[in-house]
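This structure is in structure tokens; I'll ask about it shortly.
The letters A, B, C, D, E and F name the chains in turn, as written, and every chain counts its residues from 1.
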Amino acid sequence: MNRVSIKEFVENDKVVTSLLITQMNRGLTNTGAPYVSFTLQDKTGNIEAKLWDAREELLEDIEPGKVVLVNGEVLKYRNAFQFRIFTISKLDSAETNPSDYVASSHLTPEFMKSSILATVASLKDPIIKGICQKIIVDYEDKVYSYPAAARNHHDFVGGLATHMIAMINLADSLCLLYPSLNRDLLIAGVLLHDLGKVNELSGPILTEYTLEGKLLGHISLMQAKVNEVAISMNYQDTEQVTLMRHLILSHHGSYEFGSPVLPLFQEAEILNYIDNIDARMNMLTKALEPVEEGQFTARIFPLENRSFYKPAYLKK
Amino acid sequence: MNRVSIKEFVENDKVVTSLLITQMNRGLTNTGAPYVSFTLQDKTGNIEAKLWDAREELLEDIEPGKVVLVNGEVLKYRNAFQFRIFTISKLDSAETNPSDYVASSHLTPEFMKSSILATVASLKDPIIKGICQKIIVDYEDKVYSYPAAARNHHDFVGGLATHMIAMINLADSLCLLYPSLNRDLLIAGVLLHDLGKVNELSGPILTEYTLEGKLLGHISLMQAKVNEVAISMNYQDTEQVTLMRHLILSHHGSYEFGSPVLPLFQEAEILNYIDNIDARMNMLTKALEPVEEGQFTARIFPLENRSFYKPAYLKK
Amino acid sequence: MNRVSIKEFVENDKVVTSLLITQMNRGLTNTGAPYVSFTLQDKTGNIEAKLWDAREELLEDIEPGKVVLVNGEVLKYRNAFQFRIFTISKLDSAETNPSDYVASSHLTPEFMKSSILATVASLKDPIIKGICQKIIVDYEDKVYSYPAAARNHHDFVGGLATHMIAMINLADSLCLLYPSLNRDLLIAGVLLHDLGKVNELSGPILTEYTLEGKLLGHISLMQAKVNEVAISMNYQDTEQVTLMRHLILSHHGSYEFGSPVLPLFQEAEILNYIDNIDARMNMLTKALEPVEEGQFTARIFPLENRSFYKPAYLKK
Amino acid sequence: MNRVSIKEFVENDKVVTSLLITQMNRGLTNTGAPYVSFTLQDKTGNIEAKLWDAREELLEDIEPGKVVLVNGEVLKYRNAFQFRIFTISKLDSAETNPSDYVASSHLTPEFMKSSILATVASLKDPIIKGICQKIIVDYEDKVYSYPAAARNHHDFVGGLATHMIAMINLADSLCLLYPSLNRDLLIAGVLLHDLGKVNELSGPILTEYTLEGKLLGHISLMQAKVNEVAISMNYQDTEQVTLMRHLILSHHGSYEFGSPVLPLFQEAEILNYIDNIDARMNMLTKALEPVEEGQFTARIFPLENRSFYKPAYLKK
Amino acid sequence: MNRVSIKEFVENDKVVTSLLITQMNRGLTNTGAPYVSFTLQDKTGNIEAKLWDAREELLEDIEPGKVVLVNGEVLKYRNAFQFRIFTISKLDSAETNPSDYVASSHLTPEFMKSSILATVASLKDPIIKGICQKIIVDYEDKVYSYPAAARNHHDFVGGLATHMIAMINLADSLCLLYPSLNRDLLIAGVLLHDLGKVNELSGPILTEYTLEGKLLGHISLMQAKVNEVAISMNYQDTEQVTLMRHLILSHHGSYEFGSPVLPLFQEAEILNYIDNIDARMNMLTKALEPVEEGQFTARIFPLENRSFYKPAYLKK
Amino acid sequence: MNRVSIKEFVENDKVVTSLLITQMNRGLTNTGAPYVSFTLQDKTGNIEAKLWDAREELLEDIEPGKVVLVNGEVLKYRNAFQFRIFTISKLDSAETNPSDYVASSHLTPEFMKSSILATVASLKDPIIKGICQKIIVDYEDKVYSYPAAARNHHDFVGGLATHMIAMINLADSLCLLYPSLNRDLLIAGVLLHDLGKVNELSGPILTEYTLEGKLLGHISLMQAKVNEVAISMNYQDTEQVTLMRHLILSHHGSYEFGSPVLPLFQEAEILNYIDNIDARMNMLTKALEPVEEGQFTARIFPLENRSFYKPAYLKK
């Protein structure tokens, strides 16, 4: 199907295109008439939309997670576009290509897979290498499609592996600058620290927390997974396994961020720092991209609710 | 051997008896002469001791964890006894009975074992019951000899099981008063919440933290153990297992006390309260026991560093 | 009058019934027309309601605290009922029975009174018993009708006494399990700790804080009351009175929750725990009751803003 | 008796004088010989002292709170004097004048009494005036002899009244500058806020906390006292009494400093500020007095553990 | 122009007057029609206003900061006036007097200037006096027109100087009561502590933070300014300059309020207290002024979000 | 002079060598005899030392900061060496080479200088480059000899420049990995952030805080310096200067660590992270160096008081 993407929308255009519903809320106007507010999305962005006079018979099979064909008009208020829907109808999933509707990594799955496997192959200690390899192979499909978070940083298809690869590069730079760091331990921490997200989150699209995610969390899930894999390989009584489990448990760096133990060896301490740097650079880049020079971003909650400035002097 | 126990010591007595060394520190007097400070212990208490003129040749094989024969004098300063050692010599372990030198539960191991196994047998859900049973049987010897902590509450031989049994009674009382509580879940939480101490701590005597204990902690160790046992019984995909893992993870009740998730169902919330009540009652009873009516205890660090009062009016 | 209760409301029903107004707010629609939003309530629940075209002449004597006759229609949006009012008129208080419009304890006032007086009678120390008796007799009518809080836990007619009785049962269970606890002191704490609510709150219906409640608080009010009653009975110089005042002052357990002193004897420490257990069980039971198995409650602010899970496995 | 005061001590002097014992601790030298460390005091200061070879028969009736005759030598180490005692003996209390041994206010008791009574007389509202008058008259002897604290600020005979008078002056200055302040309320707060110290503390010399002081605290004691006096004068239902009780309860300004309610009217807010200013100025003046220009004081714990600087430029 | 001021508005009046726009937001009604919400202001107050059917051609040159002629009707809902605009048009700035539209100090600029300059003249130390003088003369126009804050306390034309003068009076009172205070240092702190607001804020009307204000803050700006002026007068190596810089840096009193160092001499400690007293009295007076006796103010965010009570007893 | 260095000391050796006194405390033995405790140091380490029978006539000119000739004996207790001094005498400074007695960077001053100047030369923006150059040239001698802190991290001669160079390398790595980072701003932050230490600290040896350091701190000192230099170059009104001042002010990352503003552009955010990584790696390396595999370090206060583990598995 020949789509108009959200990035191409122009004020006052009449548009017919296909979009993914990510949120949907029914409301009543002050005169008691029903309406529906949607958030619609494709891989280029998202837009708020309203359907007025929303009789229920028009809404059959229209729900979050569905791709729909909409016919409407682009309006602009308070510096943002809004979409007024005239008609909406469900599209057969055979007619649509999921990758048109979700943001995804700038890296291809193939590149991510070969990078991560090459990194595993570069590990020297057989126990560390063996366990990392087994877990990554077990999870294979999901490692390259899951996001790193339901929202905030790396919240796109392939975000988890993108985050891992950036941290591998950071870790390698630090191992060069600080030779006392043990690369095997630091890289093992990078590879495993967030892999529990594969169980914590529901999937790459319309990502939510699973019951296990809510009640146990990715930190505890992956720590138990390492124990489980270590037993299956008869490595359970090695120091390496204890160190790998500690890297996972401590990587949030403090109790209030959900680490039950604080980092207690130098690679664990550094893992927390490089995780933070990459997550923060990802959020900053995303937030600063649409901002003009000389302006501030909106407040960014996970960056302690600060607004960040984009310097103006380079523009001149 | 015919021992004089520490509780029987009287000021200015000359005493010959056998005691366990729990701490030992070398020092130099201001005139440069070597001396040694000991903490000596039997099941009735402990005492600070000094050996002046401590030539190294007299100290061969004298180290923490050994039972020694001491000959010395009981002195009293600042309201506490101190022991001045004239001679010290190692005793053959064949000559000594370990239980003479460490405090232990008022409950017998046999009673504790039958109580706990009867409680396991009373569980209704087969998955919850099966997992609890397997773990308790696996750890059997240790469940009834380990303390519940290296210091603070229930820090004696059998302390862990003593704590479990008191909490079972508390849990049963609460299930009667609040019928909406699920007894299986609450009892499972009681049975498992602290069992990771068996890996976290070195043993019932001269208890220290193991490397696993320091780097992983009893909460994470037991959570992974439940996962491991669940897999071995093919229960890993049941809600019950997720709930049991959550009970363990959340039982400290807040991030700053090392729980990576907060209690998220009612039995998890209540588990934290009854764990606290029993631990606090144990510490209060121990601290108040030697205090006279109308006086305050010394400051108790794990009770927020408070001193507690023992009312005087009942004495009259 | 033959009422339709809120629990009986069905979507799209036209209903004529009587309800209590608990909140009332005037607004202007976007076209400048006046409307009124109400919260209406009976003992089975409450519902949001709207009166469109709300001319002031129709609203005479219509205000919070009044029972009104409404004629309207039940609508459903976002999984909740809303009531659209066609006509509204005041009812003569002679025609209405207040107990139809407010939630109340599952215990009868008679049962609560006899339970509490029997507990007072069971106290052994004459000073503790005498003071508790005098205060409870002084406040008699109010002890059995007041809620334990304006909102949150036990916020219904008779909630205060319901909370006291549950805590008496908890205290008795703990005294059995921990014989070192002094039952007189613990029960006195249970009976008196929240009685200051009788001065802090305005009454059992449409409960608000009084000026004394805001400026002094129930903790300080009751502490001063015990002093006042002790003087009237010539008990002011006894240790028992100081201990009772301390139980009241310290029962919130920490400075940030408004206790000016921390618990300093064991019954004071335990009082804080059983107060918490009963208040939390009350809030959890209320929040979980309408939730389906396998779902989470809404966030509960006084439970640290957590959502609680209702396990699904029992349903199967 | 003709005394040498501590301020007159010179290094290496042999001195015979009378001093008050405020602390006394027994110890053992490394060679096992008994010694005693004392803190000795007169109204000009205090000094650490040691009695070597301290046989118990020499120490009969020698205890904290007693005035003793000492014969010894003044030594200097680490920039501080130390007193080596050769002989020590008890003095008959008939021979000693208590005011020689304790620091006291620079104001006479007569001046303090007339100032405070004149301030009471200047109050306009009869209820506020009546209650302040009755309490101050009830406590009369103690108001002018008690310290304002066991340590920290105004910790000398008459310190409480000295603090009250300074705060009266501060309050009057503020009432001039901010005419919206109600002088009656602010002055009532000044007069009553710390009077509970009369029950919280044991007395003007060797001041300790009473049981009531530890379990209830001066804030709660005085609040209950105002309630008690108000009832005796039949003022208990007036707003003035509620406001006076609130002034006392809130004057520490925050929960963590033991106020169960925060200041909720402007005079309560200001009371906390002027209490702080006068207490801090008292501690600063005392700490800076012995310090040379260009130097810092020792760390002052109640001033957030800061060291304060005494500027040098004025000296030049 | 003959204006009707906001304080003169009466419900249901039709009014034609001139007002300053301080905020302006475009919206869409539920039927998709554009409207505009304004906040309009004159020196007597401000009012919310709505323009329905807000076609863009009517809004040319209508923007925040402009004075406009409005024709409309005064409505009242929820105890507040709202203004419904029929027509709106821009006024030529030649026709309007800015001082009609903004709140300003009760003190005249002439009085403020002579007071502050007289205070500078009263300083004794030539270095302190010289630096204060130079900075105040440099900033002259702005010192007497800037507010002390964009919102909260002293947020009106001349607010900064009004705050300085009140603090000078407070400082002089304290220097009388505590002769150990060095008046030069305390007054220098009063004069300089907030002068950085002249760079931090955009101006006296529609006050916003400048880029320097956001990235550096008034504390750091003024501290650097004192250094700069000291160099220009060759005073940079004097202790007085270091003390003046410290007074500015520490005047917020704690790290979390943006002071990079804590007060370390007594005048710095006291400066923080008198700054707080004057700011808090200003906010309290403003908040209490419209409140009736016996009522509470709305919550005041910078006063720890408390509501304050206005006593009723004086009214009777 | 032919020295024996501290690293060469062997138990029970009699040694004559020269050492620097860094601390010196007089004491009294229990028998009243004077002694002196020293900390002595050379570039290979430090050692505690005692001089018994320390008559004052032997101590003339012996004070911290002096190099002395000592004759004594090496003793060992509690796993640490102690030095018993028989005789001590001052050495003429002409006879001693200061660099023998203090630890210093593994980088030569020449290398550090050329690295840092090359980095300055690589900056592109003329304003940023000009200001960095001027400040570094102004401070030249001190930049390459000062430590980065009086204790904790990089506390040795040349520590400040060593820290700068490691951070330059880190910054360059990050600029490669995150191309959105502006290298000029990040490098300017690295060069300037800690240069205020040159005024905050007394010098490279026996480092203490200056009065300016205590009252103003290195953050505020350097921020004002940048303002001062910018004025001298007529750059004061450029955005670059504001950004450079912000980098310095915010580099501690949070209020409680003394930053008066939080990082508000991405290079400021990252500066805080790389400062932390390099400081923490320096402290970890220093603490882990003497620890055996399989052991923990002592608690490290600035690393949140944690003990760090040195893995054992690599040793095998």
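FYI, contacts are C-beta pairs under 8 Å (C-beta built on N, C-alpha and C of every residue); 3 or more make two chains touch, one makes a residue touch a chain.
All values derive from a computational prediction rather than experimental measurement.
The set of chains in contact with chain D as well as chain E comprises C, F.
Least step count on the touch graph, chain B to chain C: 1.
Two copies of one sequence, chain A and chain B, touch each other mainly through matching residues, since over half of the numbers at the interface are common to both.
Each chain's centre was taken as the mean of its CA atoms, and the one lying most distant from chain C is F. Remark: among chain pairs A-F and D-F, A-F carries the greater number of C-beta contacts. Taking the mean of the C-alpha atoms as each chain's centre, chain C and chain F sit 61 Å apart.
Distance between chain centres (mean CA atoms), chain A to chain C: 44 Å.
Residues of chain E in contact with two or more other chains: 30-31, 211, 214-215, 239, 243, 264, 296, 309.
Looking at which chains touch one another, you get A-B, A-C, A-E, A-F, B-C, B-D, B-F, C-D, C-E, D-E, D-F, E-F. Across the interface of their complex, chain A is touched by residues 125, 166, 169-170, 173-174, 177-178, 180-182, 185, 238-240, 243, 262-266, 269-270, 273, 276-277, 280-281, 284-285, 288, 296, 303-304, 306-314 of chain F. Within the complex, the chain D residues that touch chain F are 29-31, 33, 35, 52, 75, 77-78, 82, 84, 296, 309.
Note for the complex: chain E touches chain F at residues 211-212, 214-217, 219-220, 223-225, 227-228, 231, 239, 242-243, 245-246, 249, 255-261, 264.
Within the complex formed with chain F, the residues of chain B that make contact are 25-28, 30-32, 34, 211, 214-215.
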